[in-house]
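Paired with chain B in one complex and with chain C in the other, chain A is shared by the two complexes that follow.
The block that comes next holds the complex of A and B.
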């Protein structure tokens, strides 16, 4: 009976139940609002666990597929678009990550001090949008969800952020709007070059049709050969903006600095992953040859991202900025892993997506706790917090170590796999890149030490350690980071299933 | 070909005749209307006349079988014509409803005339949608234009408004003259006033006539561009939009535009014929390129200049200039289905947003964009609905505006005009900035201006209809698309 449930749709729309309930709760009652929000985020988490159990890691096809006809072809209007969902080994971990981090962010919303009702409604809408991005098996549907996430994020940054929040919200909107505009053009080009579905004799945006047409040499393709390099490069830019890829990273720094910590947890933890996910799904799956051709460029950009982010992180005197550049740096590892193009590197890249999602969510949870108590995140104004907040400082040290890639934590596994993959293909670039690992240790430890050790400032004498609401997500995130670090096969066995497509294409 | 008109043929003209009779009756009634009674009664009668006319149209649509042609194509009943007329009537009905709460005595001394004048304007637009004869088309255009000149000038005691109305009349007449001049070339070459015959004759013309064809096209284009408010013929729009009564502005932005679109939809096929395939001279490609260039200029100018506007009606004027660009794009791809879908989307979001503006400017007594400040705190429901309308205008998914732009873009990408698609999509992203600026004002600013905002019930109904339809047809576009193609 359980098998017949449309599990993906349930996960996708379950946050909306919370939205409906929240609409009828008085807006000044903070406690019930947050309780409802947390409980709502638990639904997809539980359903996600069921999804994981039902997932067949051996079967390399797309699973749990659901399809509903949406727009059907007419005489002149010769397109058909469908509501089509499915998961594979790449999207499943990201869906679980989304459910998990959304719950953590709902807990972390204790830091939100005003307009809770609207906040939680937007947070849940955002969650639905992100689920949709990772589940969609149709280009149009993917784009709809991808673009839709802009709206709740715009509000979340613009209303609850720091001083220059509205500027950051605009930056976010315009940069991502441009990125998705480029992506949209490529999608439409794909519809007309390889989107002709013979079974319905109409154009479609179905990912399966487009992929099989693009990869099948016997299918006639209009202009596909001439355009495919263009399309790949444009996709690289479009998703590069989201990723963020050097030089399109400035907006990420602004959002990290200005958005409220609970939102940055989602932004840095999940939203950035949509860029890498899109690159794998559409860039690598539809254009495997171009991915190989452009691997060196990708690797170079990856190395630049990694080193540039690390160097700039080293120069910051403000915790949020350090973490922002650290995010950029860590996304460089994803690019390097993807550039390697072998099974190890690709798995490392996806592993890094998950690992960085968890670690940066944890770090920003800590930022929220610190900022709420001290009202600052500038390093010179902080120090000695370990004396008053031993628990928080302990978790912070742990998160810092995880971020710099300490063995037995998830960050290490991801970095190791990505670098090992790249060494196999481009040893020189990998060697240059590995300098960044040292830099990461320096900037992370510098930040952690400056904040937790040293002299406690006079005005911070009366600080209290974390509350239950903050401790729960901290412990949960910590636990997952350790589990994945100690037993990475838990994740790699799933990711392997999703990588089958690529290894197959390259091998054949 | 039968060129006589029989009494039975009048039945085919019922939608127009209904309005025509209603204009006479209601304008006479207005004369004898009790001095101290509310003129809203006239508005209600107008609304009824519009709905009856729309009822006849729907009846006609259900029983339509092929094309009905009267008086040598002077009067045509055809598939897309009926759709356009329905759109016009829907738009005018919404505008009349919006006017109940927006048109006030102290601003407009002659409210009765206001409602009555909306009908000949609508009738003009309907005539434009039901003819293939250039004389009849021009009469429809002038009926629409002259009615809207008066409508724009209705704020008699408002200096700015009078100035704008005067400019509108002068420039509008010049545009009409350009159209008429362009038509005269067509008549000269085609030897007929019937567009189908002109089209057929143009195809067989010797190449020495080709410059004349270009001349007639460019003359017409100037006129079209003006009436459509497409850049670089748009300069009147911001001024007129900011000075005219807001319901009239929404009429100009939606109904005038829709009427011009059907007008161009009838005229452009005349030029869409490849001439002289031997010498490979195709006017078709030049015409399409010209349309693309004007469309590109409109989209760029509209969306960039809108960024700097402080007056909300001027801002919407530039938004409508940008939309004129999108319409020109879809006209050039000659895809009526997509044109109708986006036109309905545009109608709903534009009338909806103007309805919000009427309520706000009446409480604030000015038109600065700050009237939106803190709207979420004073009128949360209205604010959320405004957000949906703005998202539709910006082209964010889950709204009709998004799907409409998507369909237009598909048509452009299919004919491989990538540069135009790029301009269209990038200028849409630029437009995010000013649409979201209004959203920012509503949600992220305090309400310094006014403490309470009264949105009249009728205005609220108009906004709600627009919002619900915008979302409904975004989730279920199939209903509208199949209705458009239903034969």
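The block that comes next holds the complex of A and C.
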């Protein structure tokens, strides 16, 4: 009975239940609005746990597949669109991460001071969109969900952000729109070149069909090979913008700086991961040979990201900007791991996605707590918070240490795997990149110590430590970061299932 | 072979870990109970370690390893975590538990007034746990993990008084400088991972592979890996050129300096080289560099110590110098020298912890005065501290028959046999050591009281550890008296012929006595006025400023990195940002040209998508037609 449930669709649409309920709650009643939102985010979390239990880590195929052909073939184009969902070892952890961080962000919405109803509705809509991205097994469906996340995010930044929120929202939209346009072009190219499904004699946007055709282009009359490089590079740019990849990172800094902390938790914690996910799913899975050819370029960009982000983080005097550049830097590790292309590096990259998601969510939760109390995140205006807020300061130090890759925490595992992977393939680049590990310690400790150590400013004498609503997600995130750091096999055993495709192709 | 206790060795680190967890949950409450919990946990750990030692002494040199769980599974290989009990590890376990226990007891008095005592004890517990885990790790990756965790605890404890600006800076410096070294070790671990047969990282596997030459490394790579490991050791053990953090680390509470920055963690670098000694033995170059760095550091730090006035900093430079002796010995590349290094690690742990705790007792009595020029005449009022400190001083100076004599002499003898240059350096070091310690001793304990406080002897919780450590500082070396002690055979597991170099025994003692004598002549019974006379000539200034190493690093590392950062900041703002702004403006212009319907950004974005689709359709329509 349980097995026959369309678990993925349930997870996907469960946030919408909350949206429906929220519509009937008066908009000034903050408490019930928040309670409903938090409870709603718990549904996919619980369902996600069930998904995890049902997931078969040994079986290397895509699982929990659901398919619903809902658009009749268009006669003129002879095109088939299907609602098709599925998970593998790469998307499952990301789905769980989404469910987890969405809950944490719902808790963090205590920092939101106006228009709660709309906020929660948008938050839940966003959650559905992200689930869709990670579940879709159809190019067009993926694209729709990918676009769908832009809209609530645009308003979340634009309405609840800081002073220059509208500018940030515009930047967000333009950059991502550009990325989406490029992605759309490639998807269309794919559909019209390798999207022909022999079994139904029609064109389709089904990922599985396109992938198997792309890997075996002998089926087709026309020359697909020459296009492959173009498509791979275009995908690299499209998803590189989201990742963000140097030099497309400017918008990320603006969003980190202007969006409300609860939203940055989702943005930095999950949305950026859609870039890397897209790159793996479409770039690596459909174009494995091109991925190998372009590995050096990817590694170079990865190292640039890692060092460039770290050096700029070092120069900032404001916490959010430091964390923004830190995110850019840490996404460099993802690129390095992917560039390595071996089992260790690829898994390290995915591990880093999860780890960075957790850590940056925790960091921005802390940003929220600090900003709410002191109304500033500028380093010179802060100091000595440990005196009045020992709990928050402790968690902040923990998050900072996790971020700089302290062993026994999740960040180290990702760093170790990615670097170890890259050292096998490109030792010189990896060695250059390892300077960034020191820089990470420098900028992270600088930020944490400037804020929590030293003398307390006079106007902060009456600050109170965190309340329960903040402490719960902090402790939960902390716990997961430790568990993954101490026993990483928990996650790698799942990720490994999803990586089988690439390592096989590359090995053979 | 009887491994009954060895199989339970993993329990030893658990005692302090449980203590850490309890204290973490307790939070800031229950100051009184905090120290009791921590001390009790350490007592259990110490007893267990001693029981384990008893078992190991009965066995012939053999190791017991057990892997506990698979940390990572990647494809067809996995990295497992476990523990290893062999004689070197047990030696370290005993050192760490004993010193940690005594420091725990001492802190009960020293930290009595601190309101964050619970936090303090939780950090110490976490440190002891990490250090013990480091010691019994059965593979190098696991060692690396705990290597970083002890570094973290060191950082936390240096910055314990977090309001102090200096403490904050020192903590940060300690973390970052050691991390530079850690990158070396990090890369070494990765290289070992790729080149070792079947990706095995266990110390046993490394030993076997390098002993039988069954590894994938070329000669150059062996040297590289050895040196990368050594870079890690240099950072942790405060060797030149990464020594700068250790003296600054004295900002932490003094018991911490005794535990972490004298007896245990800083010795981890020496321990690491010892654990991976087979790699070093495979490369002459690496050994030579280890020895040279050690010899240089031994001299260099001893010179600086002469001109320092802060009691803890003198001891810190002394630690750097003594660790240099251990590295020097390891660089000689013989098993006898290896054993001498470990013996010195063993004796040094006790007499240096003794000296630091003694300094703590003085600082406590003088209301946190640390400048030896402002002390003086303490000998009359603090008998226990004075006598135990005297024992520590003599042990450090290497006077017969105290523990430091035997270990230092073993190093000197080995250096004499294998590397005359190192021997010369070590001998000069003996003189300098004796001299700066004698300067310290006579300035602090004799002459006028220049402190403005009336010192009185510390409470028994502080003096008892001093007495125990003094006993150890006297006797610890006796385990290796040539011809009587069996330390070497026990440690290395093979009998080695031991020549007794009577001449070296005598020379080193004479040199040390000369150093003490000179110090006595210059600094005995100083009055407040007589101290002003000897203010600096050129050399003294250079020494007092520690050879300007910090200034040099600021110039060649910190400033360039800042400059690069500032440049990139501008670049990011104007070039990258400018390009972006330009392209956005262009896009908008195209949008405006193409349509008259732009009431908001949504349209621009929609437009881009539509245009893209149109282009695409055109392309494909075109292809089809052709």
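Things to note:
As a working rule, the second predicted complex is superposed on the first by the 501 of 508 C-alpha atoms of A that agree within 3 Å, B and C clash if a C-alpha of one lies under 4 Å from a C-alpha of the other, contacts with A are read in each partner's own complex, and residues count from 1 in each chain.
The rule is short, and it goes like this: contacts are C-beta pairs under 8 Å (C-beta built on N, C-alpha and C of every residue); 3 or more make two chains touch, one makes a residue touch a chain.
Quick caveat, the model's predicted, so the values are computed rather than measured.
In the superposition on chain A, contact is made by A:344 with chain C only, not with chain B. In the superposition on chain A, contact is made by A:437 with chain C only, not with chain B.
Of the two partner chains, chain C is the only one that A:420 touches; chain B does not reach it. Contact with chain B, but none with chain C, is seen for A:148 once the two complexes are overlaid on the shared chain. Using the contact criterion defined above for the overlaid structures, shared-chain residue A:192 touches chain B and also reaches chain C. In the superposition on chain A, A:492 contacts chain C only, with no contact to chain B.
The partner that reaches more residues of chain A, of the two candidates chain B and chain C, is C. Within the superposed three-chain model, A:449 lies in touch with chain C and out of touch with chain B [touch as defined at top].
Common to the chain B-facing and chain C-facing surfaces of chain A are residues 170, 173-174, 177-178, 181, 184-185, 188-189, 192. By the touch criterion given at the top, residues 335-338, 391, 396-398, 402, 406-407, 409-410, 413-414, 416, 418, 421-422, 425-426, 428-430, 432-433, 436, 439-440, 443-444, 477-478, 481-482, 484-485, 487 of chain B touch chain A in their complex. The part of chain C that touches chain A in the complex is made up of residues 28, 69-75, 141, 144-146, 148-149, 152, 159, 162-163, 165, 167-168, 171-172, 175-176, 179-180, 183, 186-187, 190-191, 193-194, 561-562, 564-566, 568-569, 572, 576-577, 579-580, 584, 587, 601-602, 604-605, 608-609, 611-613, 615-617, 619-620, 623. Residues 170, 173-174, 177-178, 180-182, 184-185, 188-189, 192, 222, 247, 249-251, 308, 311-312, 314-315, 343-344, 347, 384, 386-387, 390, 401, 406-408, 412-413, 416-417, 419-420, 423-424, 431, 434-435, 437-438, 441-442, 445-446, 449, 452-455, 487-489, 492-493, 496, 503 of chain A are the ones touching chain C in the complex. Within the complex formed with chain B, the residues of chain A that make contact are 70-72, 74-77, 79, 140, 143-145, 147-148, 150-151, 154-155, 158-159, 166, 169-170, 173-174, 177-178, 181, 184-185, 188-189, 191-192, 223.
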